């Protein structure tokens, strides 16, 4: 790699990888909050592992199918929520491996059980590139803070995408 | 484009375009929340079209002048608000055309009418490059959720930029 | 700089600098909200200057040590907070100097004094590159809005990182 053009090409590839990985995670958040699980599947490695540690839960999965089924139940028609990931700190380790830290802010209104959860967390992810596309291989987060409170009065929802796009609970 | 240097130059140009389009939208949000309409005008194409679909409204414009006038009325001295756009998914289609998806989170306190609106939405934008600068050509959004509630007690605003920089209502 | 390869290399360097400066600020926010002051120190220039103008305060420092000590007191074990910086508008001025605008959204729960502060602000930063690393040289912000209110009922914190990682107050 002493060829200057080849060196520069590698630097450009890393910048393109950073953009691709950011888009991957941005699409991830868009897909969960809109219950777009078919598109979400294409963002995840089949052997996806996850470990979310909240105040009152520890959610672990070791494959994509189980994760997707759990997400479809969680992001159901009686939920209004927002998951936004900020502050990407991505390290491209090689042509096929990368890690990422993200700073999540999420609000989750469980309208059936009348519980509101709001919090922040630091994601620590791993990504792999397969067939030219980056995929999420591992996701974990640890909470910085989390507040869980009852919803005393149902919010006046004037728009509610999941009500018509999320899974209906039995 | 089989010249390796020319190919690399095009890839770098796309990366620069992505940065420029992100900055364009970031400046857009800064300008509306600070009522900086002279600067805002320079970010928008004269034939700007917009279509915002909220819970109780559908806001459509087909030119920049009408849009700017409506914004100056909306972001007036009796409003405190926050519009932040996250998760850019930008596609550079050509040297002069691009599209973008953004995940908005906004809070709008109408202090005169004592109404608080908070919500999220997905923007779907189109951008064009003219005279070397990217401009917003089209903006639309669809809500993921929106909550509209009365402001029972006026908030204790210890700083309020729009009070001194926004248009005074009659 | 009429050599096309050298020109392209400079453009790539600027894109790398933009990424590095974004990461610097993202790490900054992660470090304050997790009271990671040893890591934070490495992000700041020894002659760091800061000027934060809020509704009821004006916080100025003219060196890193004083700033770090104040941060350790502010982000203590009786605080839960979130500081997220969005919308980077970075200008690389030279190989060693850059400026940046950021749109902050912060929530600060002072659990001892039972005060909740939420607001937004525009940062105007200066960065310098030393020994191959970008550092924060100057930070200032001006509020767009700020709301300060008493905490009537303590929040039900189900996770609280600073409680175990922040400085204990006497």
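In this document, chain identifiers A, B and C correspond to the written order of the chains, with residue numbering beginning at 1 in each.
Here is the rule we go by: a residue touches a chain if its C-beta (ideal position, glycine included) is under 8 Å from a C-beta of that chain, and two chains touch if they have at least 3 such contacts.
The model shown is predicted, which means the values in this text are computed figures rather than measured ones.
Give a one-word verdict, same or different, on whether subunit A and subunit B use largely identical residue numbers at their interface, taking over half shared as same.
different
What angle of turn lays subunit B on top of subunit C when you fit their CA atoms, given in steps of 5 degrees?
Copies differ by a rotation of 120 degrees.
When the centre of a chain is set as the mean of its C-alpha atoms, what distance in Å lies between subunit A and subunit B?
24
So which stretches of subunit C touch two or more other chains?
5, 8, 12, 15, 86
Write out the stretch or stretches of subunit C touching subunit B in their complex.
Checking each residue of subunit C against subunit B gives 4-5, 8, 11-12, 15, 18, 54-56, 86-89, 101, 103, 105, 119-120, 122, 142-149.
Can you list the residues on subunit C that touch subunit A in the complex?
5, 8-9, 12, 15-16, 19, 23, 26-27, 29-30, 33-34, 80-82, 84-86, 155-162
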